[in-house]
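Worksheet: the structure to be examined is printed underneath.
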């Protein structure tokens, strides 16, 4: 038995050795850790498509300093698998750079494995605060931290919606609903802390379990609380369940701000139809006002959107665009400057990056913290210039409405008509 | 409980195949030596993570087998004990600075208490009712961990700083982890062998095979079942602590998941329930196989590796219900007959 | 008070839907003494089927019943023949692991074939039904009615038809049933296939209420297990009662305690029932010991 | 001399059925008491009451001066009452020796010691040649002998034999009868339910006949075999077909 | 009618019957007696096709049925009333009878047969809606026989029909058996109650340890000392 096992291992190791290309210009190998199966698979696969487009685009442009990009893929279906897969890519394939990983718990896991092996991890979309608060040296979070989603949502409520609702900020009744996973809780914590600084009290603040199949108690509680604005952090399945139940029980709010994946997914419209119209979404901008982008970025952006839509017959969701933006920044801003491709060198390059907003396809810039962020000195490798905005589902599609700089449109349908008038 | 078909009634069905020194057969000795050699030679270094996972799962499968294989307590809730162990040592380390070398014993002890509670709660249940109740029990533990944020970090989980050192039981070298996991597996193997040779071990088998007859032999079935579950849970909890020290990140939803519980039960079932060697064989076969399938087919098409894996599982379960150990023993039978 | 009534009635309605999806499982459990761990994936498959019909033919999902119920019957028959039947004379764990393997298999085949996208159908009815201060989704009410009709019809089949009597005879004494000329293996096949067909029915009712995706079964399968055991295995009216219990506990605990605990309270309820009434709420005496010895 | 086992007015009821009705019995040390009666007479229920499997609905059971009325089966075993099961209940995944070792553990804590006792006992009941045979290959007769070996391996003060002859070949019955007959001399008191009457009739020092849950006759075997009540209970009544 | 040749039967790997050969002629009542665990019930189960594996031939009217599953032997006219009746305890009398007529041939005539059974066993007609588990022992035995009759048997196997019955029912039962035979049924009966069997049966086989040790006609066998030895050990 164990003889055969050894034989198998031996054969496989031979296989992996010989499988490596022997070209003079060796490609740059990057480990991509995304959930390709399991509950996160939908978004993971979208992100994977976006990343493949980025790879194809850079390779068609001749690669990075003449070296092609090659991806090695790991199926980070859950945190345990994420760690195993990261370890595998690092130890067996000799990967020195990892990227991914869409969801926060996976990002936490992947970066953990990368850090212990001294591998450079370029996190594209994971958001939980803890990712950059563990004192890791080689983990860089290009997407936004969780708090930033919440801040964008609250800023939008305070600076924009209050005016439209014709209420003083102090009188606004804001409710907060979060999905009890790493991302939802992290964003929820951020919002709670942030509204306190704005002297606003939440009229409702609760988490719910990811396997919830019945939203009745939540909707009923919200009806009791009767908020003007409801900020909800959800994943797709629960977002749909919630909206349907809100309609069923006639829960009306003047404005609804959804946060990230559940509300930004493009097929929310196919799922719940016209019920989406008027919902605000705080997330990575799927498509920003092109005027804020640098001209060369705009060209890349156009090509990306065209390719993505050609491939998937739908525009990219915010997280897919963010995945593309982040990996493109790695290809164009970090790797070209590297010589040894050692993690420490990459870290130096990353820390030196100072890209203004509008440099990345989704309107972000890059400037990483290094224990020097004013309001939180524990943070390292967090991108200060990640842009999270607010956009709105409209009859035609979606339009960026906040912050004013990225906006393509003004917010409409505020207050939202009641369900029976929609 | 379900009795798995075994070709001969000997507890180590491999014995007739291989010469034996005392309680240890050459086969077992060779197996252990091979496992050690695989760590020592470090030939395929890149496979060390698969190797150490294989050892870890061998240990966990052996621990599960004490309850499931010997005492007939088929639990699908062992991930709860695994989680309790992992959380205990990690919380003690993060909050009190207690070294995981000690914390793992505390974790094991607490997991044993949980195990005893589960055994008492399910004292009257058998068959599918027992299985489903253990599943529900683990879910309650998971949701408890998820919502006791101040202790467990809630959904964001707990991270152990990846600062290597013997005191914090964190290492950069895979080989050290491989040694730790191997020691864990060998230790539980030794526990299992000692159990097989002890009065208590015989009591458990008796309870599994016929509770009435066991009672007539002076065995208190409730105490036996509780003790078996506590022992199994405690050893699983220690495994949880080791896992935490290797993965350095605890996420309640995936740590205490039915999938993991299922894995613990699957390995002994494939290898041979109620034998010492079975769980080891199961882990040696399944763990590398699933890791390799994922790494080699994961890229081809999302889900393909699990399709192949699960199809294989169905076939194995239907055609080798006694596991690898029984299959090998049968092989021997045929040889002797002809 | 309004809130409480709303929660109670909503809990009952959603609970009846849970019951509907569990009836097939309880039937199989009761007759074959087999836990089908792939039950959630049967539901997933049937929901995909119903969704496909709405997409291709543009019909509302209820029409899908006509095709899905027989299709699931056939599917159940095939699974029984290939996986369940060969495992029946083997130790109980074999069928547990085999169906668990089937569950992983189906999930990932669905992932390969359908991708991980959420699939939904547009609402069938435009408005909620409003009674005084209470609101109900029409699809939910319809589901409730279907569950009641289905429970009564199934009871009728089991009590009055020849097939039903043969099934009961098989459950009460399989050997005696064989002596009376009842082909027990065929009864098992029909029951398993029939249970699957019921899952098909449930899927068509659930499709307007829930999204379908490859892992949707995981969200429901534990609920179904709890309901089946809670109600007393093999008891159809028990499944209805168990479903309503779960729905109401879920609804009230979410409101009065916290939704973050999710399914914890009905798992605790489940464990309590197991401790104090191991045969379930409406189960026959000794039911809990079935499967104990061969 | 106080009896080793005393059953005082014990009744046991299952729903409407009174399986054992106010039975009183005394078993003296060194006795070989035969219990007979047709099917459904309450013999097995009485056994289960003594062995602690069932709690009596009324009455008291005293063993060696101590009440064992509320004892569980494992307590009963620990104070020195061994028993066999009518339908053999071997531990199917254990070997024959291991099956017997389990009861031997009551006398000897170490595995080696228990194994020695088990092997001795197996030799005693004539199973020495079968130690390597898998349980599933044993015939009914051998399983019955295994039951006897298990009951004796704990070195009991009292054994309860429940139809240990059923399914045995005549030669087996002969040797088993001889073996059981020798037990009282070794200090083991025997209570024996048996359907193979010629075996028990030859061996028992005293017989008790049960019918419909009640003791209908008691006395020496030879005497009972001719008692009309017994013959009637056993062979059935003559019927009037007129 | 029934022809059994050198039948060996096994529970798992345990052999219980050793080379049993016997035959039953049309219209006969044949008894099987023997001490406990002599293999009587095993013989019945093996004939009915349950539980055991066997080698040797079992033929009904010249047609081999040994390879058939139990539920197909029923429609060949061979029906067993098992030991301890084995009624469906949660079903009422009528339902139990209906189940008896499950095999296709019998089902077509079920309505008619049920009237015949009620005529034969009026006690069942009175209790038709009563749950069978609540019937008295005697009524249960009548129901078990009635249920078997619903399947239109040609050869009825009765396993320990008088077990636990009050004398009045025992008499009723044997009256019934005689009447059944008169209506053309062939009956094979396993009994502990030696007197009854020997009085009623045309021929009787004595089993001991899975072997046929004696065969003979009723009264003469009753006086055979060998029977007493095999049976009572006297």
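All chains are identified by letter, namely A, B, C, D and E, in their written order; residue positions are counted from 1 within each chain.
Everything below uses one rule, namely that a residue touches a chain if its C-beta (ideal position, glycine included) is under 8 Å from a C-beta of that chain, and two chains touch if they have at least 3 such contacts.
The shown structure was predicted, so the numbers you read here are calculated from the model rather than taken from an experiment.
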| item | value |
| --- | --- |
| Intersection of contact partners for chain C and chain D | B, E |
| Smallest count of steps, each to a touching chain, taking chain A to chain E | 2 |
| Longest centre-to-centre distance from chain C, chain (CA-based) | D |
| Centre distance in Å when chain A and chain D are each reduced to the mean of their C-alpha atoms | 75 |
| Centroid distance [mean C-alpha coordinates] between chain E and chain D, Å | 31 |
| Euclidean distance of C-alpha centroids - chain A vs chain B, Å | 37 |
| Chain C residues counted as touching two or more neighbouring chains | 108, 111, 116, 214, 258, 260-263 |
| Set of chain E residues in contact with two or more other chains | none |
| In chain D, residues with contacts to at least two other chains | 136 |
| Pairwise chain contacts under the document criterion | A-B, A-C, B-C, B-D, C-E, D-E |
| Chain C to chain B touching residues, read off their complex | 29, 33, 35, 83, 86-87, 90-94, 96-98, 100-105, 107-109, 111-112, 116, 214, 222, 225-226, 229, 233, 258, 260-264, 267-268, 270-271, 274-275, 278, 288-294 |
| Chain A residues within the chain C interface of the complex | 37-39, 41-45, 180, 206-214, 216-218, 220-221, 223-224, 236-237, 240-241, 244-245, 247-250, 265, 267, 270-273, 420 |
| Residues of chain B that touch chain C when the two form their complex | 1-5, 74, 121-122, 124-129, 131-133, 135-137, 139-140, 143-144, 146-147, 258, 262, 265-266, 269, 273, 301-304, 306-307, 309-311, 313-314, 317-318, 321 |
| Residues on chain B engaged by chain D in the complex (per definition of touch) | 3-4, 6-11, 197-199, 202-203, 205-206, 208-210, 212-221, 274 |
| Interfacial residue positions of chain E with respect to chain C in the complex | 48-51, 69-72, 74-75, 79-80, 82, 86-91, 95, 98-100, 102-103, 106-107, 147-148, 151 |
